[in-house]
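One chain, chain A, links the two complexes that follow: it is found with chain B in the first and with chain C in the second.
For the complex of A and B:
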């Protein structure tokens, strides 16, 4: 075996060791989360002996308990309602805005783009104080609408950028051709442009849903102080303060993560580049 | 003007909240028990020892956590970039942490680093195969400032590493392969290629990571809130003052300090990286 071959093999071994260590570092905590969620009490309370790496008697009892609990379904439906309303409001505002930014040059365009960035410059924990104070004054504190508006504020800048980029990829010729054959602006927008950028809009919608689904800071400040409405993140935080068995915390965490994992996979499917390439014949 | 009216709803929405945040934050910070304007909240907070502690804790969190995220992202990106097999598989695995909500990861660390019978205590006591013994007895991870904040930082770096990795990876992918091939042909080893070609060319990507991650470190809330409740950062102090302290004025002052420090950090990083870039360019010119 030549010196170069040995050198190359050595590099491959070092690379493989580093990758394996990284993969273990990434997968192990996730595995432990799932393991804890299906652990029976004997697996968690070991009296000083090492906690087994696999549950002694794997059980879905905690999940069954959660799924039978009316409060749990209440917080899940609250999270789902808030996230869905946030998606609707964000889409309603961002899609027309993205179209205008992609198609037209106007005097205040630069100002609007700076506004988009400026809104997100404030840390959430800083901007939540004035927003919470405003909603208290407006008698909207502890309401769905306050959280939906706050979550829309968080997602809107990103989704406008996503929509703008998507509309920029649609050739202007398509609109011209539709106009020539008599389509009006609304028809062109709803029947031609929106379907063409649909994958990006879906990606934006999913991004918004996930942002709202696992958002904590605004929900905590706007709903947590004596309000009746709770989201899944607030429910998890409330359980943390009660110090319940670890498998309960892990099971709630898994429930919170599953939609995120599923939707992340779906977004990857929709993120197909060049979706409208070759549209103009 | 008639053509851009679809932009107006979003523009009105964003302008309203931007002005609301800006004006209200200053107004609240200058208000104390319905007296406006007054500098009392600012004076009170400057005298508050908890604020000094939170400021120092946050400074340490940013100063250590930002480079840590950069190096973790750089390491992961180099492993993906130099993949010998399964490049997309390795990249997908490395992106997984970002698919988990921060609150879930913080909760997981809350479980693992439990002071009594937590998995971390068993692991570091050498009770598992291959892992060396580091501690003799159970450690109260959330009962010590340094340990609690270290565990918070560990969670933050673990969860956000994929963002740094993807930014640096995009920088690496933009390097012309011919440049690397030419260096290899001339006998440059990996270290020389890394120092002389790769790092200078991905410098803009690394600057972006430093800018974005330092902002994220300043505004971090969830990990220290769950794992280091007794040792506040500026973010968690805001929550404490606004909630339990019921002092919105002081909370708003801390919020403004946080905004100011975030902007100051961005300016300093841009200045320092600009100087480093000029030195790199000049050294390249001089070496010719």
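For the complex of A and C:
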């Protein structure tokens, strides 16, 4: 065996170890979360002995308990409604904005783009105060609309950038060809452009949905001020303060995380490029 | 009748003028090529006809109707882009019928259009494929079909063959000619490839730097180029071109070139010589210089000697690159079996009727005013 081969094998082993460590780093917390959520409370209080890696008597009792709780369903539906409305509002604003940013040049365009992303340049915790204050003044706090608007504010910069990039990938020839064929602007937009960038729009929508579903800080400041509306993250927070058994918290966390994981896989599929291939040349 | 008339067309981008005052009359049913090097304004002109580019000033008429102010989607034109611009999310059938559906044409009428165009372009069996699942040549034909089903009065083709490989391009050229003869549409074809233009078009508009150099039938461009640019651009390889002086010798007009004195054709107008001498540019095609092979030549031929320095073999015949005694390069073709020895002078001749003369300052054919 030559030295080069040995080098190559060494490299591969190091790589493999790195990858395994990374996977363990990602999987371990998820595993523990799921493990706790299906553990019997008695198997968790081991009295000083090491906690076993596998739950002794796995049970879905906690989930059944949660799913029977009307408050829990109310909270889930609140989160779903807010996330869905955020997706709709974000799409409604970002699709035309992305198109305009991709196709037209106007004065101060670069400045405008920086301004757009500037909301996200600060930690949420620092931008939440002025925004919450504004909503309170506008008498919009403790309402669905306030959280939807705040979440849209958070998602919009990224989704606009995603839409802009997608529209930039559509060759200008395609639009001009459609015009020559006799299509007006609305037809071109709805029947040529939007279908062509659809995968990117879906990805943006899923990103938005997850952002809203997971969001805590803005929801907390806008809703936990004496209002009646609770989201899933606020519900988890409230339960934390009552320090219930770990398995209850773990089960709520699983409910919060499962959609995130599922959607992430879906997004990955839609992120695959090559949608435009075959259009030109 | 759908004649296409361009009158005093001007176009500029900022301070940069792209088309300066262009006139063109394209007859109904004609196959016309806008030919020129990249940046000559040919694509801009095509896009102005399509309505994708604004005409700064001038008039555009199609079939007797003015087109100024009419948006692209209302003009009686079809267009095939260089990139084909197929809609990637639609299959071949939907690509072709998209325009008809926009017009809200009835289903059965759409089907009869498809039944007509699919065999015409040999797209049978591809109806349900996506653009990315068919070959370049097929994409080009889909783009053509999509334009043809709308029954446009004028079909605009922007270098539709440039993305095809050489063998496919020849086939596509034949196809285009066949389709033109079958549908009888006015076709305006943009190309930078003179051979393509020469073999397909009924008339060619040679464009250079935004000016119309010449607008004529292919053979006329070849035999009687109106400008030095046309003489050098049409034909391959490039014509031999020499800076020369025109004068009268023994009562006959002759031109003094680096090759020696060349006799001019019978009936050459003496008036063209002006008084005394005149600076001219002589262009002679490589195809018009021949070996004498000791044969007898008629009076209007001029014989001169050159020394071959290199022989290129494109296949059917050999291109000899030779030097004159004054060091100028001359290119000419010989039979591929002809034994040419590098460095050994050969005797060649040129027929006076194949010598093209252009005024050195205006670059126009000095016979322009006399023909």
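Note that in this section the second predicted complex is superposed on the first by the 254 of 281 C-alpha atoms of A that agree within 3 Å, B and C clash if a C-alpha of one lies under 4 Å from a C-alpha of the other, contacts with A are read in each partner's own complex, and residues count from 1 in each chain.
Note that a contact is a pair of C-beta atoms (placed from the backbone, for glycine too) under 8 Å apart; a residue touches a chain by one contact, two chains touch by 3 or more.
Being a predicted model, the structure only gives us computed values, none of them experimental.
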Legend entry - Fit-or-clash call for chain B and chain C when the two complexes are aligned on chain A: fit
Inset, instruction - For A:148, select first, second, both or neither according to whether it touches chain B, chain C, the two together, or no partner. - result: neither
Inset, instruction - Considering only the touch criterion stated at the top, classify A:134 as touching first (chain B), second (chain C), both, or neither. - result: first
Inset, instruction - Please work out whether A:193 is in contact with chain B alone, chain C alone, both, or neither, and reply first, second, both or neither. - result: neither
Inset, instruction - Mind working out whether A:182 is in touch with chain B, chain C, both or neither, as first, second, both or neither? - result: second
Legend entry - For chain A as apex, the angle formed with chain B and chain C - C-alpha centres, to the nearest 10 degrees: 100
Inset, instruction - Please work out whether A:248 is in contact with chain B alone, chain C alone, both, or neither, and reply first, second, both or neither. - result: neither
Inset, instruction - See if chain A has more residues touched by chain B or by chain C, and give me that chain. - result: B
Inset, instruction - Identify the partner contact of A:66: answer first if only chain B is touched, second if only chain C is, both if each is, neither if none is. - result: neither
Inset, instruction - Applying the touch criterion given at the start, work out whether A:93 contacts chain B, chain C, both or neither, answering first, second, both or neither. - result: first
Inset, instruction - Once the structures are superposed on A, label A:174 by its partner contacts, choosing first (chain B), second (chain C), both or neither. - result: second
Inset, instruction - Once the two complexes are aligned on their shared chain, state how close chain B comes to chain C by Cα atoms, in whole Å. - result: 15
Legend entry - Complex contact set, residues of chain A against chain C: 171, 173-174, 176-184, 187, 191-192, 195-196, 198, 274-281
Legend entry - Touch list for chain B against partner chain A, complex: 1, 3-4, 6-7, 9-11, 13-15, 17-18, 20-21, 23-25, 28, 75-76, 79, 82-84, 90, 93-94, 96-97, 99-105, 107-108, 110-112, 114, 117, 119, 122, 127-128, 158, 190, 215, 218-219, 221-222, 226, 235, 238-239, 242-243, 248, 251-252, 255-256, 258-259, 262-263
Legend entry - chain B-facing residues of chain A, complex: 11-12, 15-16, 18-19, 22-23, 25-27, 29-30, 32-33, 36, 44-46, 48, 50-51, 53, 92-94, 96-97, 99-101, 104, 106, 112, 115-116, 118-119, 121-127, 129-134, 152-153, 156-157, 160, 213-214, 216-217, 220-221, 225, 233, 236-237, 240, 246, 249-250, 252-253, 256-257, 260-261, 264
Inset, instruction - Please give the residue numbers of chain C that touch chain A in the complex, ascending. - result: 50-52, 71-75, 77-79, 81-89, 98-99, 102-103, 130-134, 136, 139, 146-147, 150, 163
